[in-house]
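Below, each structure is written out as structure tokens.
Each of the next two complexes has chain A plus one other chain: chain B in the first, chain C in the second.
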Partner chain A sequence: MSDTTAVEKAEAEQTPPPTRRQRQAASIAEAASGRIGWMLLKIVLLAIVDAIALYAAFVLFTHHEWVVLALVVLVTVLVNYIYFSRKAVPAKYLTPGVIFLIVFQVFTLLYTGYIGFTNYGTGHNGSKDQAVAALMRSAQERVEDSPAYPVTVVEQLGTLGLLVTDPEDGDISVGTNDQPLAEVDGATMEGGEATAVDGWTSLSFAQVLARSNEIEQLSVPFSDDPNDGAIRTPDGQNGYLYVSSLEYDEAAGTMTDTDSGTVYKDIGTGAFTSADGEELLPGWQITVGFDNFVRAVTDESIRGPLISVTIWTFVFALISVASTFFLGLLLALVFNNTRMRFRNGYRILLILPYAFPAFLSALVWAGMMNESFGFINQVILGGASIPWLTDPVLAKVSVLIVNLWLGFPYMFLVCMGALQGIPDEVNEAGVMDGANPWQIFRQIKLPLLLVTVAPLLISSFAFNFNNFNLIYMLTNGGPRFDDVSIPVGHTDILISMVYKVAFTGQTRDYGLASAFTIIIFIVVAVISIISFRKTKALEELN
Partner chain B sequence: MKVNKRGIVAFGAIAAISTLTLAGCASGGADTQGGGEESTDSSLTVWVDAERVDALQGAADAYEDKTGVKVEIVGKDVDTIKDDFIQQVPTGKGPDITMGAHDWLGELSTNGVVAPLELGDSASDYLDVALQASTYDGAVYMLPYAVENIAVLRNADLVAEPATDFADMIAKGKAAGLDQPFVVEQGAEGNPYHLYPFQTAFGAPVFGTDASGSYDAADLQLGSEGGTAFAQWLGEQGAAGVLNTDIDGEIAKQQFLDGKAAFWLTGPWNVGAAVDGGINVEIDPVPSPTDQVASPFAGVKGFFVSSESDNKVAANDFLVNYLGTEDVQLELFKAGNILPALTAAADTAASDPIIAGFQTVGADAVPMPAIPAMGAVWEFWGVAEAAVINGADPAATWQKLADDVAAAIK
Partner chain C sequence: MTTTTPTKARRRSFGAWFADTGWRHLVAVVVSIFAVFPLLYVFSASLNPQGTLTGSNQLFSAVGIDSYVRILTDPQNPYAKWFLNTLIIAVVTGFVTVFIGACAAYAFSRMRFAGRRVGLVTIVVVQMFPQLLAVVAIFLLMTTLGDWFPAIGLNTHTGLILVYLGGALGVNTYLMYGFFNTIPKELDEAARIDGAGHARIFFTIILRLVAPILAVVGLLSFIGTVNEYVVASVMLIDPEQQTLVVGLTKLVSNPRYADWSAFSAGAVMAAIPVMVLFLFLQKYIVGGLTAGATKG
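Now for the complex of A and B:
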């Protein structure tokens, strides 16, 4: 509404001398705001959307992405209905936002939540079928000192076989998955290798490639004795003799190690496990209920540093919000004074830290705070050796200083805007009533300011609570605790600890990380809700 | 009316972006899916780091000409390639082949995302260390193309002769009037990769090896007597200022380029910078602090085949018979200046004295362990070393390191 009146006001003001351009612009605007123009615009835009959706549907169709395809079609139909129908007026406003919300927020949230209830991570990466296939593949061991057999892939009545030339005695034999190699006569030879034989059709290389998956499964027993192994061909031209060290019994769901006789059973933990608890990896992904959440709070290695890390996280977030807010406010008050010269120049300088990417700044600060080579110790302090980032206490102070530097411009901007929104009459009224400047600030300006700024302070708290970039780039959580067995340090906050616990070394535990994320989300959400409730009281002031 | 219009414009943009994103995601890696249906349709998707796309294009084109299989080379960010591969392969949308490093093998194999490769008789054409590194649990998983190890870069204008041992190196540097003659990349959390040659010189590898020559996670050698002796030595060097955890990669480079350090223990990736900086660089073996050889880690780079590839036959063929040739290995060498893994190509490349220098040092190198247990070692190793350098009690700190690692492996 206010938009429309503003535009009208602007139009009213510029009536006197309409230049040619303005007249053109006005006539376009006129046409567009007319019924037909409006309809045309709507149709053009929807046509563009539909064209893109059609293209997307086509691409998805060729890639057999049925679920996503159905979603795209459904959403497109819905959107067309909403914007062509005369009834669904509220939906016209809400649809774009809702689509964005679902794609970028709801979906990620639900997915994270889902992962939190699975054992997804290193060793539990795919489906059970994939795990079985991978285990069987890696169990193939080439028989030592066996030669490479030139092979030709052949076919008989739809069954694939291998035509094998023995490089040692020149014997030619044929076999399939079910029939062990048997010698044949009358094969067509080419350069000492059999390339075709009566009764079988030889496959060209292109055909071999086309039936890659079948050929991967092709394992021709060398003889009637399974212990002799089988010939397989990884590239369709050369065959090698392999024996398998694992046997899979699909009916019983067990893997047997043929060397040691150990039986690995599927006991519902997402991996084949032997009687004494040894797991065969890769395993597969399963849902594990609340296991991850239980581990997040009871795991020995996590419980140790959890309390001190949690305390530091709160301290860090609170001090960061408070220090940046008060410095920003102070500067805003100073620069709000109209008698100051070059105000805009100073303001631009002050906003600079906000303009740099935060993690770049953190890296630069890490360099400047280096104990023996850093700019601060070498140049500013003339060769002092202050352990800015390596002493437990000083490292925390350094983190707070850098975060203050990074964060105050935002608060400065916000406070400046809010201060300008407070009418001068309030100030004058205070002066009339005999209040001193401090009283005016403390009892009039600050409460009025907080009405607008408080929600931003809460969001700033939530942001700093999870300020992973700063910690990771500046100290990486260091210096480390001496007395715990996970690589967590004095400046680690919850989110960076989660990162270290869930992604230690080569282990990726997405399930545990997601569970932690949900816990942190709940903590931050609860604090935010309580704070928002409290700030409602401030709104009574207006 | 006017507000309404703005709404629809915004909506148009949103819908366009989101449908495009969805379609983009879908088409992103799914090319392999339909691949096997028709022979003319066969294609291989290969992930490589952005710098090597051009080097591989020739081999890809040659392969397409010969077999009709289209090879699509996709440039990827080195830092995310491993995690992307692990996450995407099980969904069936990953590539058929990815470029990688041998120390990923443990992780890739634990996640079941790589398929074994059969080098056949060509196995003997590769450098021993490359073949050893490509083998995991008895099976070859990687087609190696380059071997990388660290060595000492010497500023021949400052110190003319190579050092015979560690003390000699410091002495020669001091004689040349340098305060900090030797630099090596460290940092607040240490850098055990760069200190490993010294550790091996004290006879303390991380893991022992089993009968087949593979590393054995159950045989942790880190805390052996040699390890403690190494920790003592670290402490002494730290106290003397020879090793300093404040020297990170950038500072080490700057010291060397400024001529403030004559010896720099680093890898081939930094040679370019030194040569461009006008330094007369010579490559020396790592001077040992003991009478044993100081063996650095060798990192071997290569290509893996995805376990979910529908085109394994073509993938194997392309890797073994095309990327395993001298021409392609030399192309890749030109793109990265790292010693090729194919012996014939390595010998050709070694006509360059710098490469020859690294090759000589590499002869003593040992493959970096690829077993998953190594991840736990990295987590604690550097910090412990940094603590010792900074004056912590060597024996106690080293013992705690060994205990922490042993606990984490279980």
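Now for the complex of A and C:
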């Protein structure tokens, strides 16, 4: 239909205008203006991209991120080449999507896999140098006879720094939290102290007051050696030398508490540890090999919930697919009768749950299923107090009921479509051969239906396997398991367990959470392989 | 309600009618009640001036717009801001997703190039691994990016949209690819003979003909973004920056003490645009879903 109209349109455009010359002139003008317009648009867009890339490269340069910088430059050059080249036409259409796909999906998935092999998490957030600096800073004390260093708070690209005048030799230097003091030339002097320097913006008195919290946190290392201490300023006017009560010996890899004399050694666990096992936190991030997996398998307080959660995830996904499919199929069969009236009216009512945003449905059901005040207990069951969401078994049943409510309209629509796709002749042939309606359905229609619907069932399984919203918003995974070290409960599925281990609770354990994610990866990969075998989707590609 | 005898021309006994279509109405009515009553409940609760969960139990006992006013004016829970944030994020994500996906589908459908098959296979494989599986890495990546470029780091809408766009190719391109293949190639060839370049063919001919699938993909992406909790909750920290799903979930995290009717009012207002869009486009959506599925 739409094809023919387009063809007609194309033909209509070709009907000749009055004279041949006019036609030529018009087509030349149109072509020329079109080309220039496209060209201009392309150049403007590329200029914007290049400007952003240039800015990014500059910022990365100031942060000394050489690898990322190189990548940005490489990608920018490639993008410019692709869009200016006359060849590489497919690349012009694929590049934007591919860049996003690689950075925010492929890279993040691979990176998640990598984190599963590290101890990343609360207390192990950064590099060893950062951990050393943080430890030293947390133990800093003001040197009692420290001279007062006149300082000016300065800022560069949003990073605060201190412009320090040495009261003894008059040297002017500048530094930030991350960059130790380095001498600078050409500072503006006022009454023997530096007040401004090129490349940095000096903060006014009012700005200093407004940002006093940040400024109190400012601790500029005196030199490359962290044991030399740091300059801090309580008021933004005068700085004093602070040294740490911890002493760091880089060669020996030890941290010594000068007050108590305890020696903390780097024993390869990502934190300085004393002889009696006490750890100095923050530590740093290291690769721990299969430690997270070993911990998940051997630590009773993790293994227990992990096994229950994994089993429940499969049960939940399987029953969800089965129940929604059967209700959907049943309804499709019920409605598959042209003599029935009001079919469209029912249809609209039945797909309402599918149209209602799913997260809101889960929240509404959570309210309705509330034990003491919910609609179901109070009104439908006349004041019963059934623990819909707080009893381990009932909570699972509730989750399945709500998911049935959420999912059956989709299966209903899909089965209706598939049933209508089965030609009537099939039915007639069955009747001719003397089959009863059940036999026709069981032997003929269902197999035909499954051919269409099987891929949908598989993707529905994959979706429910990671149906985070329903679990998190209906029961929040609860009721909680007893005696476990991670904050998970009876209705948690793998993905909600990952989320809780990584982002809720006292300690965030990204390493363990990512290790759990790898389990999901494996399951999903197996599902995909099965699904591709079944549907032969990959063979159809041409 | 609808089980009254529909016969007019030919008189039938109730039994015969029931055996033919009557029982179908019975099933349909029962399931319709199951489908609709939670929605009626939330609508009734939203009109109830009382705030609590208990107060909401008597359906349509009191009708007023107090709770709508409450949710819109509560300074603790900037609902209007959440709504706007959600709208901006979902609309921008939807449009750019459609554009990126359509570009890729055009290339895969109309051009033959080295790596095409690998590209298609990759897209089919990647779409099995939803982004929420990588939430830990996304959080860490955005934290690092935010240290360098605060404009796209944590707690920014731009950053969140960028993350969502990572899923643009994987999720929808295959659906579009199937639809693009149904547009006859002769059209392209005719246009090419007339001197149109690849860009012109794409923007002025193909994009118009595939409009239905663009609408479906746009709507699916829109609904997906509106419902997306995991990444949004991890990335958006300030209440002012949050989306509806994050804000409303937090609002009723303890249903016992929550202002339930205010939440219901918020839910109704959030759901209406989505439902209207959905019901309006449902024909296309169902067609698109099954077409994509049977193909892939």
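Keep in mind that, in the parts below, the second predicted complex is superposed on the first by the 298 of 542 C-alpha atoms of A that agree within 3 Å, B and C clash if a C-alpha of one lies under 4 Å from a C-alpha of the other, contacts with A are read in each partner's own complex, and residues count from 1 in each chain.
We adopt the following convention: a contact is a pair of C-beta atoms (placed from the backbone, for glycine too) under 8 Å apart; a residue touches a chain by one contact, two chains touch by 3 or more.
Keep in mind that what you see is a predicted model, and the values were worked out from it rather than measured.
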{"item": "Partner chain(s) touched by A:Asn370 [first = chain B, second = chain C, both, neither]", "value": "both"}
{"item": "Partner chain(s) touched by A:Ala230 [first = chain B, second = chain C, both, neither]", "value": "neither"}
{"item": "First, second, both or neither for A:Leu512, with chain B first and chain C second", "value": "neither"}
{"item": "Partner chain in contact with A:Tyr346 - chain B first, chain C second, else both or neither", "value": "second"}
{"item": "Partner chain(s) touched by A:Glu141 [first = chain B, second = chain C, both, neither]", "value": "first"}
{"item": "Chain B versus chain C as contact partner of A:Pro96, first or second or both or neither", "value": "both"}
{"item": "Partner chain(s) touched by A:Leu60 [first = chain B, second = chain C, both, neither]", "value": "both"}
{"item": "Contacts of A:Ala210 with chain B and chain C, given as first, second, both or neither", "value": "first"}
{"item": "First (chain B), second (chain C), both or neither touched by A:Trp38", "value": "both"}
{"item": "Touching both chain C and chain B, counted on chain A across the two superposed complexes", "value": "3, 7, 38, 56, 59-60, 63, 65, 93, 96, 100, 103, 367, 370, 372-373, 476"}
{"item": "Touching residues (chain side chain C, partner chain A) in the complex", "value": "2, 6, 20-21, 24-25, 27-28, 31-32, 34-36, 38-39, 41-42, 45, 52-54, 56-59, 100-101, 103-104, 106-107, 111, 113, 116-117, 119-121, 124-126, 128-141, 147-150, 162-163, 165-170, 173, 183-184, 187, 190-191, 194-195, 197-200, 202, 205, 208-209, 223, 226-227, 229-230, 234, 245, 248-249, 252-253, 255-256, 260, 263-264, 267, 270-271, 274-275, 278-279, 282, 286-287, 289-290, 293-296"}
{"item": "Of all residues in chain B, those that touch chain A in their complex", "value": "1-5, 7-12, 14-16, 18-23, 26-27, 30, 33-34, 36-40, 42, 67-69, 83, 86-87, 89-90, 106-107, 109-113, 115-118, 120-121, 137-139, 188-189, 244, 246-248, 250-251, 307-308, 310-314, 316-317, 320-321, 372, 374-380, 383, 390, 404, 407-408"}
{"item": "Residues of chain A defined as touching chain C within the complex", "value": "2-3, 6-7, 10, 14, 27, 31, 34, 38, 56, 59-60, 63, 65, 89-90, 93-94, 96-98, 100-101, 103-109, 111-112, 115, 120, 158, 327, 330-331, 334-335, 337, 339-342, 346, 348-361, 363-368, 370, 372-375, 378-379, 405, 409-410, 413-414, 417-418, 452, 455-456, 459, 462, 466, 468-469, 472-473, 476, 495, 498-499, 502-503, 510, 513-514, 517, 520-521, 524-525, 527-528, 531-532, 535, 537-538, 540-541"}
{"item": "Of all residues in chain A, those that touch chain B in their complex", "value": "3-4, 7, 32-33, 38, 41-42, 45-46, 48-49, 52-53, 55-56, 59-60, 62-65, 68, 71-72, 75-76, 79, 83, 92-93, 95-96, 99-100, 103, 122-123, 125-127, 130-131, 133-135, 137-138, 140-142, 148, 204-213, 215-216, 233-238, 240, 281-282, 367, 370-373, 389-390, 475-476, 478-480, 485, 487, 504-508"}
